[in-house]
Amino acid sequence: MSEGLALSRAAAARPRSVTSEGRAVRWLLTGIAILFLALFLVLPLLTVFAQALSRGWAAYFEAFHEPDAQAAIRLTLTVAAISVPFNLVFGVAAAWAIAKFEFPGKSVLITLIDLPFSVSPVVSGMIYVLVFGSQGLFGAFFIEHGIQIIFAVPGIVLATIFVTFPFIARELIPLMQEQGTAEEEAALTLGASGWHAFRTVTLPNIRWGLLYSVLLCNARAMGEFGAVSVVSGHIRGLTNTLPLHVEILYNEYNFVGAFAVASLLAGLALVTLVIKSVLEWRYAGDLAAGARH
Amino acid sequence: MPALETRTARRIRSLLLAACLAPALVAPVSVAPALAQTALLNVSYDPTRELYREINAAFAEEWKAKTGETVTVRASHGGSGAQARTVIDGVDADVVTLGIPSDIDAIAKLTKKIPADWRDKQPNQGLPYTSTVVFLVRKGNPRDVKDWADLGKPDVKVITPNPKTSAGGRWNFLAAWGYAYNRDKDVEKANAFVGQIYKNVPILDTGARGSTVTFAQRGLGDVLPTWENEAFLVLQEFGADKFDIVVPPTSIYAEPPVALVDGNVDRKGTRKAAEAYLAFLYSDKAQAIFAKHRYRPLRREAADKADLALLPDVKLFRIEDLQGSWDDIQKKNFDNGGLFDQLSRAGR
Amino acid sequence: MVATPQRRFLFRRPSVIPGFGLTFGYALTCLSLIVLLPLAALVAKASGLGLDGIWEVARDPRVASALRISFGVSLAAALTASVFGFVVAWVLTRYRFPGRKVVDAAVDLPFALPTAVAGIALASLYAPNGLIGAQLAKVGIQAAYTPLGIFIAMVFIGLPFAVRTVQPLIAEIDKEVEEASATLGATRGMTLVRVVLPPLVPAVLTGFALAFARGVGEYGSIIFIAGNLPYVSEIAPLLIVIKLSEFDYAGAAAIATIMLGISFLTLLAINLIQAWSRRRFGYV
């Protein structure tokens, strides 16, 4: 009896589907999700821009006129320009070896590549101090030869590479695994060289995943704070990256300046997200495998 | 096929090799310009940012007038202990101007880049200026904080930096201890009094600057014991209508010393400029700048009378007179298992 | 530095595809130089203390409490992020509403936003005189400068992991299974609990573990909002920094090694979950 009632009611209310929840539940869940995201994600972002502009545009732009700020921007760009290509080459090489070949110990290798993901940024910086610091493993050697690694650009680059190490490899490995080896094998059988096969067959297949992971890697490289803070030495105009400059301004009671520089980084994050969304929307199929990391 | 494979493989390999080596090649190049010009690096503690900005500019001007050479003095600021650590780990500092003598002792001990008798290399034990600890309270002093004893009252929230990482935090700690010891002449009672104060501390920032931001910007706590110069700076930056400075009847003689990093200047060939920089700190011009930024200059006659008038007469005690050498002071209070550790363990 | 490409690695299954020696060798070299060697230096430094020494450091009340706070709060934050992350992932894949794409993009914000920026933004929001902090203060809750502040920062950085690991799986659920379940007389709630959720469990666990691992190590966003009080709101990474500024390298290395060991176990757990799920459900 009650079954029949339920059926007829279901038939009457057309949009009610058996594979979805009731309207009230849907509204409730959507509401919770949006409220949660607004509170935890959007509000902090808005705060950055609101604080940055709290004294008007003139004060906002003043923060970027300072030579120290410009040096920080230059350094951040330099660091990203070195570490992202490095991780790009590594990521492609690692993905090629792991995805296109079968060998034992593969999952150990993947776990090791993953390791920097779960290492605290502070530890990431500290390990380079232990290796290259003047009290460290090779410290004496480098000092003797007048090469400064820690508290100079090389140390910052190394720490950044470490922190962003898995980004590209981890995106490409599942993508290339999913695509298998049949196409490359066909190309090789037709006489293409390995390099040619990679360029004309593999690369077009993975390009959107590649671009996507390079973007995230770049955003992280420019925004890293903890690891860089340990190896930087905080010398104004010399070894201060943008995130460290934010901290310095903040500690100089220059809150507008701190949030202005922060807004630059937040803007970078937003641009990253926009490009990423566009990529996902246009090349959803190509990215599907990689999205599940 | 194998031949083909080898050729392409070789091509790829050289490409990859280049990519692998790129960071190693580019990195030194990007550092080189910094080394090419005469640049001094002053590694300093947290609240001296504004001070050394002015000092460094003044020195560069004088050096130019005297020798015709251009010198840039770069500064690095942070918690005094953390700053000493970077010098120990290899920051190319020419001079260190830290918040507390024990941090320079640590560099001397661990690296030998600074001689153990660094105090005797500069006038006045390496102290071109001194300072003391005063209280910053909210306008009208609602909690009626007048002396160190008031910091131990149960309803007073005290904001102070972590003495493990911050020189200012250590001076606050030692000042409170010295006050209680001078009052009761009893070590146990002094220890207990400091413990009482640290029970009232809701937040321990890593540097003096962090604590000031917490107190002034975030509105937490009732009283901020801090460097005298820092208290004046807060009035200037956040508005004198929001805070009052309370000067306790007695406080500590705070000694932020300066030293030459011999090991570094010889390697960099900057000894002449670095020595001149330290000597400049004792000059009339620099002494006046110290007073202007509310530090207590060594030679009061060089400073502006109006500036000096703002630095109140306080009965200052030296912690060395109460606790012995700096080695002992550091070990007893702040090293692992020292008084601070014992108190925070007991007070949790 | 790279193995000659002609030499076949014996342990590899034969293939016509070239470049194994080259790419494998290069990847391994980079991995060794950038990741393994420095981490080995860390473990070497810590092992100078001996196992007893490391244990001694871990038992030091202040270290123990910092580790407890880091792991405890991170556990709570990862749980919260997983629950809300699941709701967000469900809403984003199953429902259609205006602005869905924007909301979807916003989920990745903590990935892309520098942690220091997040830290100062969260601190100014949740401080007692901040936008949210003022509201919370009215009901007697202080968020910033307490463990609650750490929790908030950890939820912030953990959320994308929780959402992004389950989202693709929700999208892949075969609706016919749900229809079958409904046709067989199950209520919507029963279908969800008995049919839809079980295959998602491994992904939720993976997301949880990732958020947890990230939260344990997080530094930049937390120090601005934590209060950093020993025994109350001092996190393990901060204690490492403090140990470093006390010139206690071995102590810092010991804490780092302990954290490293635990995060390695977490990663191992993730891989085991995925292996189990591959056996049980046929996918990761």
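Order of writing sets the labels: A, B and C. Residues in every chain begin at 1.
We adopt the following convention: a residue touches a chain if its C-beta (ideal position, glycine included) is under 8 Å from a C-beta of that chain, and two chains touch if they have at least 3 such contacts.
All values derive from a computational prediction rather than experimental measurement.
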Worksheet item: What is the graph distance from subunit A to subunit B, where chains are linked when they touch?
Response: 1
Discussion item. For this structure, which two chains share the highest number of contact pairs?
Written reply: A-C
Fill in: Distance from subunit C to subunit B - Cα centre to Cα centre, in angstrom
36
Worksheet entry | Rounded Å distance between subunit A and subunit C, as computed from the means of their C-alpha atoms | 14
Worksheet entry | Multi-chain contact sites of subunit B, meaning residues that touch two or more partners | 5, 8-9, 12, 16, 20, 88, 110, 217
Worksheet entry | Numbers and ranges of subunit A residues touching at least 2 other chains | 89, 93, 129, 135-136, 158, 161, 194, 250
Worksheet item: Residues of subunit C touching 2+ other chains?
Response: 18-19, 22, 26, 30, 238, 241, 244
Discussion item. Looking at the complex, which residues from subunit C come into contact with subunit B?
Written reply: 1-2, 5-6, 18-19, 22, 26, 29-30, 60-62, 65, 123, 127-129, 144-145, 223, 227-232, 234, 238, 241-242, 244-248, 251
Worksheet entry | Parts of subunit B lying in touch with subunit C, wherever the complex brings them together | 2, 5-6, 8-10, 12-13, 16-17, 20, 79, 81-82, 84-85, 88, 106, 110, 162, 164-165, 201-206, 214, 217-220, 334-336, 341, 344-345, 348
Worksheet entry | Residues on subunit A engaged by subunit B in the complex (per definition of touch) | 78, 82-83, 85-86, 89, 93, 129, 132-136, 139, 143, 146-148, 150-154, 157-158, 161, 193-196, 233-238, 248, 250-253, 255
Discussion item. Show me the residue ranges of subunit A that touch subunit C in the complex, using the header's touch definition.
Written reply: 3, 18-22, 26, 29-30, 32-34, 36-37, 39-45, 47-48, 51, 89-90, 92-94, 96-98, 100-105, 107, 109, 111-123, 126-131, 135-137, 158, 161-162, 165, 169, 181, 184-185, 188-189, 194, 197-198, 216, 219-220, 222-226, 229-230, 242-244, 246-247, 250, 258-259, 262, 265-266, 268-270, 272-274, 276-277, 281, 288, 291-293
Discussion item. Under the definition above, what is the set of subunit B residues touching subunit A in their complex?
Written reply: 4-5, 7-9, 11-12, 16, 19-20, 22-24, 26-28, 30-31, 34, 41, 46, 49-50, 74-78, 86, 88-92, 110-111, 207, 209-210, 212-213, 216-217, 237-238, 267
